[in-house]
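Each of the next two complexes has subunit A plus one more chain, namely subunit B in the first and subunit C in the second.
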Partner chain A sequence: MATVSLKTRVYKNRHAYYFILPTLLGMLLIHFVPMVQAVYMSFLGLNQNTIGLYLAAPFVGFEHYKDILFNPDSLIRISGLSEAARNTFIYTIVVTFGTIFVGLIVALMLNRKFKGVAVFRTLFILSWVVPQYVTGLLWNFMWQRDVGIVNYILVNVTGLLNEKPFWLIGPNTLWAIIIPTIWRGWPFNMIMLLAGLQNIPETYYDAAKIDGASTLQQFRYITWPLLKPVWAILIFFGLIFNVYSFNIVYMMFGLGAGYPGEWGDLLMTNIFRATFSAWRYGAGAAACVILMILMITIVLIWDRIFQDEITVQK
Partner chain B sequence: MKSNKVRKVVKRVVIDFFMVGALITTLFPIFWMVFTSLKSNNDILVGHMGFTRKANSISTIVKAGDKIHFGSEDGFIGQVNSDNTIKSIFDVRKYRGMSAVQKDGNILFSHSYGVSSIDPFTDKQKLLVDYENVPWKYRHNIRSTKIVSVNGKFYVGKVLVKTESEEETSYKGAEGFEGLQVFNESMRAIGSLDTADNLLSTTIYDMQSDGQYLWIAQPGGVSVLDPATDKVIAQYTEEDGLTVESIKSISIVGKLVYVAGLNKVFKIDFEADKVTALLLPPVIPQINAIVADSENVFIGSSNGFYVFDLKNDQILTKYRDQDVYWNIRSMRIDGNDIWIGTDNGTVIKLDKSDDYQVGFRAQIRTGAYDIRWENYLDMWENISFGTYLKNSILICSITVLFSLALSTMAGYALSRFRFPGSVLFSTSILSVNMIPMLLFLIPVYLMFIKIYDVTGIQFIGTYAGIVFVYSTFFVPMSIWILRSFFVSIPIDIEEAARIDGCSRWGVFWRIALPLAAPGIIATGIYLFLVAWDELMFATILLPQENSFTIPLGIKLFIGNHQNRFDLIMAASTVATLPVLILFFLVQKWFIKGLTAGAVKG
Partner chain C sequence: MIEKNSKFIQVGLALAAFSMLSGSQAFAKRLDQAAAAPAAGSAKNVKVIRMWVMPNSPRPVKDLEKLLKGFEKTHPGIKVEVTSVDWGAALTKLTTAAISKQAPDIAQLGTTWVGVISATNALEDLTPRAKAMNASQIFLPASWSTAGLQGSNKVTSIPWFVDARALYFRTDVFRKLKLTKADVDDWAKFEATLKKIKDAKLVINGVEIEPLGVPGKNDWNVLHNVAPWIWASGGDFISPDLKTAAFTTPASKEGVKFFIGLAAKGYIPRSSLELNTAQVAAKFNEGDYAMYFDTPAQIKLLETPYEKGGAGGSLTAQNYDVALYPKGPKGRFTFFGGSNLAIFKSSKNKDEAWQVIQYLTSKEAQLSYAETTGFIPARKDCFEDPYFTKDPKRKIFTEAIKYGRTYPTISAWGPVEPILMRHIGIIWDNAAGVYGKYSPKIVDSQLEKTRKEVNTLLKDSR
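Our next item is the complex of A and B:
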């Protein structure tokens, strides 16, 4: 094909530009301009005193970055940023793989032929429709030590534990935020995996059966590899959504006013408090930029791992 | 071969078992949310897991003919037969709170829905007075406290109660439904009295007539009403020596009036205008009812029955042994018999001449389960939930409209054209997800402040600001979903239309849009769900209470002054309902749209 000059190609596709123009303008205003500003702000000493100066606030160079990365006694670090980072790490890994695990099991159960499969599928999705803030409120109530249903079931009904544990104080807190997130998140993964399962041709399994493959072997050698495009995408989404998870934790602890504790704080809630409750806008922006760079790195690694299997249409 | 078949069945049953288990586990929290929203907050805070039963205390005992009748708090009216059995005459659970008076051989029962007349011989019941003008919102909260007849007039005391605390706090906008209502012989309302007519309060605990005047027990003391003029002619309050906050019960013997409140009983001599307190030992807790005769005052307290000997000025404690340990609600004296109605629905007869032995005892049915539908009404009173709901719906709908307009066009362009920059555009759409929202929020917030400083246009706390931000923020995700919808529409039709001379815009508007309608609707619903759930931007950009969305408003249920799990759960249920309905409406397209993007992409 002969090379067509750029000008011709632009002219030929001019309608496409009309179509994307409003979106482009909006994204420029609300995505691009703020992003550039945020990166610039991360070098500024923006706080409650200099907020009126906006972009004319004093330039502090890499001060915030140094504070965040290397100075454990800095103002932004002492409010528990490192604990939040540790929690976010554990939280993201457990939730991402937990939701895929639960979603896969239920998807396999639903990928059989039985009466009422549509009803079951619909009912299973319900917990995903519950808004995240409701999830936070609801589980906050269910985790209550004395009046919560979880402790009631663990102690009074089943007798698994002798004494009612505190869920919203101490190391248990991490589980108290992981479990609701998995509860809220897995149906989405289930929908995706189920769609993936239904795309696998039945003939593969028939062939495997003739060769005498067990159910486990069928899963190991047919289902799991063929689902790879789906779970790869789900890992991608899971990593991003869970690192940036905010609503559930925010609503679960003190309804936004309180500190979720050393074991309940996530990066987003921590930086959010540092930025808007402690008025450290510059430092908050710096933390966000670091997080963004980290996420882009992770996504690039993800892309390297799965690039052969996945061809995301661009 | 046969064992293979058995194994298959077993496997199937095991999987089914686990699937149902998983379903129950998943749905349980949702069920628990709805369940808790119907419980009373007191039950929640003391850790009752199920519903408790409402009290079914015997609130009134009356004699008609030669038979004793009684009415309970939970709408039960019974009659004690001569063979010492109880006969149910009338049982309507919605008739909350009972009080009774005799009228021409019939009994008038005053309750939360009006006044019913019952013929004790034929058991025929008729609703004489219907409180039909009570606003539906307060229907559940109205209680009739007492009905009394003096000089051919009937006086009914009404009060609106807050169900949670059972405190006598007025609801806003419910004026005119509390206080004392006056009816004539044929039960026509002929007037009403409240604090403007010098009553101490609109709340009325007890009323008795001495044949001439009406004595009204109230928070603050006792009012004496002259039925001839319907004017308050005297009041006994703290200044006159009634040293308790409110008077709960009145008993009149001849010219002497005994009144009781908290743990004290006072004797009022109306003619001498003198108040004296009876010397009660401090062991008596809350007194709920008293009756008196010329020698004794019988005291019904929350831990039992006491007899006060007026001659010796002391309590005859020997009549309060362990099995006379009732929480007494109402009493009536009838010759030698003292009738007692307790809190848990027991009717007891004590024989005065026989050393106060229990001559009769019967228990009526338990109260109904205390299912608090009114939590869903209280929720709107407690915080201005309506405003928040309105804000949420408006913000989300406008956001959906705007971002759909943007993203259908962009999605269409991406699916139909391979223009220079299309790769950059779609890559940037995907990678926007990798940037934390907070990174945008900080500059947007500071930018809005600056804009206000410079131009005076306020974006913080207004729909305009939040809608503008939301519309653009949710666009990338919806472009991604919509693009796959447009890809799945065959391009042939559009090409045919182009040949027929349709413009690019015409093709998009007349052909592509209608064909992609299911996808567009599904995407719109998805956008609505996401916007409905947005919290971080709303917290910062909507700081004033009148611009709150639901999640910000719900926070007010747990604050310095309250800890209302019941209302939080009710509000959560209401907040979940719209998205649940929307989801069910478009479930099929919705799942298709989501999976088409990921699985094929």
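Our next item is the complex of A and C:
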């Protein structure tokens, strides 16, 4: 095949570039410029004494990075950064796979033909429509030990527990943020997976049935592999979205003024406090840059694993 | 098929980006219009003063605009444009405004923020203007002490209102147990009273009365709740020379352990420790607690009928009174919060902004705003008004302010607060039984950690 010059290829695809241009400009203005600024800020001694100088604050090089990575006694480290990292890890994994799991179960149920299926599809997406900050506020009431509906159901209605547990203090706090996030997030995954399920030809299942495949085998060898492009993308979105989760913790625990506790603090709430409440803007920016590099690495690993599934076949 | 889909996706993304851009253009246009409002929306020569306030009342903008109508009548050349900024976001917004020089003309500052925002050098020096109005003599001394960065000898804000705290208690509970105000006068009596209420296991209207409601760590007042007990035991947060932390002195420890120990002894129900101040107040109003600490704004709430969002007419509203904070071994103290008004250097209408501040800090405006919000005026002469002298509950607050104390207005206080909030939060969790049985050793270790962190911070700040 003859090699086509770059100029020809650009000209040939010019309409595509026209469409991409606004996105590119938007990305540059909204993402790239602030990102470059944040990276620059991470090299500055920007705190409550130098904030007036802003980008002219003293240059401190990699000091903040050294503090975060190698100095366990630094202010940013001792403000609970490691606990927040642990919580974020657990939270991200459980929420990402939890929302996919619940979404898949419901999508499989809704992929059948029965009366009222459209009504159920609409009803099931209601929790996704609730804004995140409202979810945080609502669940704060639901988790309350004495008057919350969760303990009422667990103890008074079902008798599953003998004593009402605390959800908003102690280790249960982590569940108090994980469960509402799954509750809010699964409908989106359900919609995506349902769309994927509807693209799988019925004939595959008919052939499998003739060959004597059980329902589980049909799921294992047809549904799951053919849904791979969907759940691969959902894992990608889920990991990024959940690592940067902020609203639910902010709203559930003192509207950002309180301390969510050793089991409720996430990286974003921790960095937010370090940056804006404690006025350590330089160190906060460095923590964000480290997290960004970590996330880029995760995205690259994801890309390696799922490259074949997401590449457009020509 | 896949290629076709990808084209759809590309078109979709391009359209989304386009709509986003056009949306942001519309937003930018609205911002421009807002900035151009003085010329476009008002009569010739009318100067618009932009003012940011926090939600001081249920209808913060309307209530303040109503108050400012009197000013605008006498000053036809000035129009005040009020914007309400949520407390949670206010400090960040003020900081951003200060740095970007896109600040309003006047801003409300929480008294504990004055130091750190003054240090940004974004606030107008009001010293000559304050001298001319004899401000140091007009305002409550504790409130005046928050008017500028400590040690700078500059006035960068003018006190607006204060919010000293006191003890709200149920008179019906006290009557049944033959208790009086004198029984909460000092720490020993207060604890004995709590024990008496706990042991009595009183049930009123089907609700078992718990002795004391206090929010734990999920709250914005974590520090303000503990501070009076630290001061009353002779302790403090920072040493008098402002160079080192002072939480680990025996006196400070005693204050923390006494107060938080009340939860470990069961006088503060554990369920209260997961709530915030508003939720504890609501439970007091619903009749769950015999006592709790709050600002005078709660009186306003208990006087406001249910249909208007208050708790007026409830059993608690008909059976409550207010007492001073119990006296500790080294005296009686209450946290003295509140807000000041500042003018930003970037303001182009400083004289007009000052006139607005002068109006808002006049006796009449202060009293009127106090009636609307429930807060206490910052001016001393307001307390001679019948609004305070003839109301026995409000009178308690005028007495409470004599015992008012606040944190040092230093630039480092901003970063110190989250450190304290975090460790005191862990101490509350200790009292709630998160780490097993309550351990005073955890209190000691957390205070020690706090000391180390704050000392590092203060050292860095020098």
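Before moving on, here are some points about what is shown:
In the analysis below, the second predicted complex is superposed on the first by the 281 of 314 C-alpha atoms of A that agree within 3 Å, B and C clash if a C-alpha of one lies under 4 Å from a C-alpha of the other, contacts with A are read in each partner's own complex, and residues count from 1 in each chain.
One rule holds in what follows: a contact is a pair of C-beta atoms (placed from the backbone, for glycine too) under 8 Å apart; a residue touches a chain by one contact, two chains touch by 3 or more.
On a predicted model such as this, the values are computed, not experimentally measured, just so you know.
By the touch criterion defined above, A:Val134 reaches subunit B but does not reach subunit C. In the superposition on chain A, A:Val155 makes contact with neither subunit B nor subunit C. When the two complexes are overlaid on their common chain A, residue A:Ile93 makes contact with neither subunit B nor subunit C.
When the two complexes are overlaid on their common chain A, residue A:Asn47 makes contact with subunit C while staying clear of subunit B.
Applying the stated contact rule after C-alpha superposition, one finds that A:Ile290 touches neither subunit B nor subunit C.
In the overlay built on the shared chain, the residue A:Leu226 is in contact with neither subunit B nor subunit C. When the shared chain is aligned, subunit B and subunit C each come close enough to touch A:Ala16. A simple residue count on subunit A separates subunit B from subunit C, and the partner touching more is B. By the touch criterion stated above, A:Asp146 is placed in contact with subunit B and with subunit C alike.
Look at A:Met109: by the touch rule set out above, it reaches subunit B but stays clear of subunit C. Common to the subunit B and subunit C interfaces on subunit A are residues 16, 19-20, 22-23, 26, 51-52, 54, 146, 250, 255-256, 276, 312-314.
By the touch criterion stated above, subunit A contacts subunit B in their complex at residues 6, 9-10, 13, 15-17, 19-20, 22-24, 26-27, 29-31, 33-35, 37-38, 41, 46, 51-52, 54, 105-106, 109-110, 112, 114, 120, 122-127, 129-134, 137-139, 141-142, 146-147, 149, 152, 183, 187-188, 191-192, 195-196, 199, 229-230, 233-234, 240, 244, 246-247, 250-251, 255-256, 268, 271-272, 275-276, 281, 284-285, 288-289, 291-292, 295-296, 299, 312-314. Note for the complex: subunit C touches subunit A at residues 2-3, 6, 10-11, 13-14, 16-18, 20-21, 86-89, 91-92, 95, 98-99, 116, 119-122, 216-220, 222, 270-271, 273-276, 279, 411-412, 414-415, 417-419, 421-422, 425-426, 428-429, 432-434, 449, 452-453, 456-457, 460-461. On the subunit A side of its complex with subunit C, the touching residues are 16, 19-20, 22-23, 25-26, 47-49, 51-52, 54, 73, 75, 78-80, 143-146, 166-171, 250, 252-262, 273-274, 276-280, 312-314.
On subunit B, the positions that touch subunit A within their shared complex are 15-16, 18-19, 22-23, 26-27, 29-30, 32-33, 36, 44-47, 49, 405-407, 409-410, 412-414, 416-420, 422-423, 425-428, 430-440, 442-447, 449-450, 453, 468-469, 471-473, 475-476, 479, 504-505, 508, 529, 532-533, 535-536, 539-540, 550-551, 554-555, 558, 565, 568-569, 572, 575-576, 579-580, 583-584, 587, 591, 594-595, 598-599, 601.
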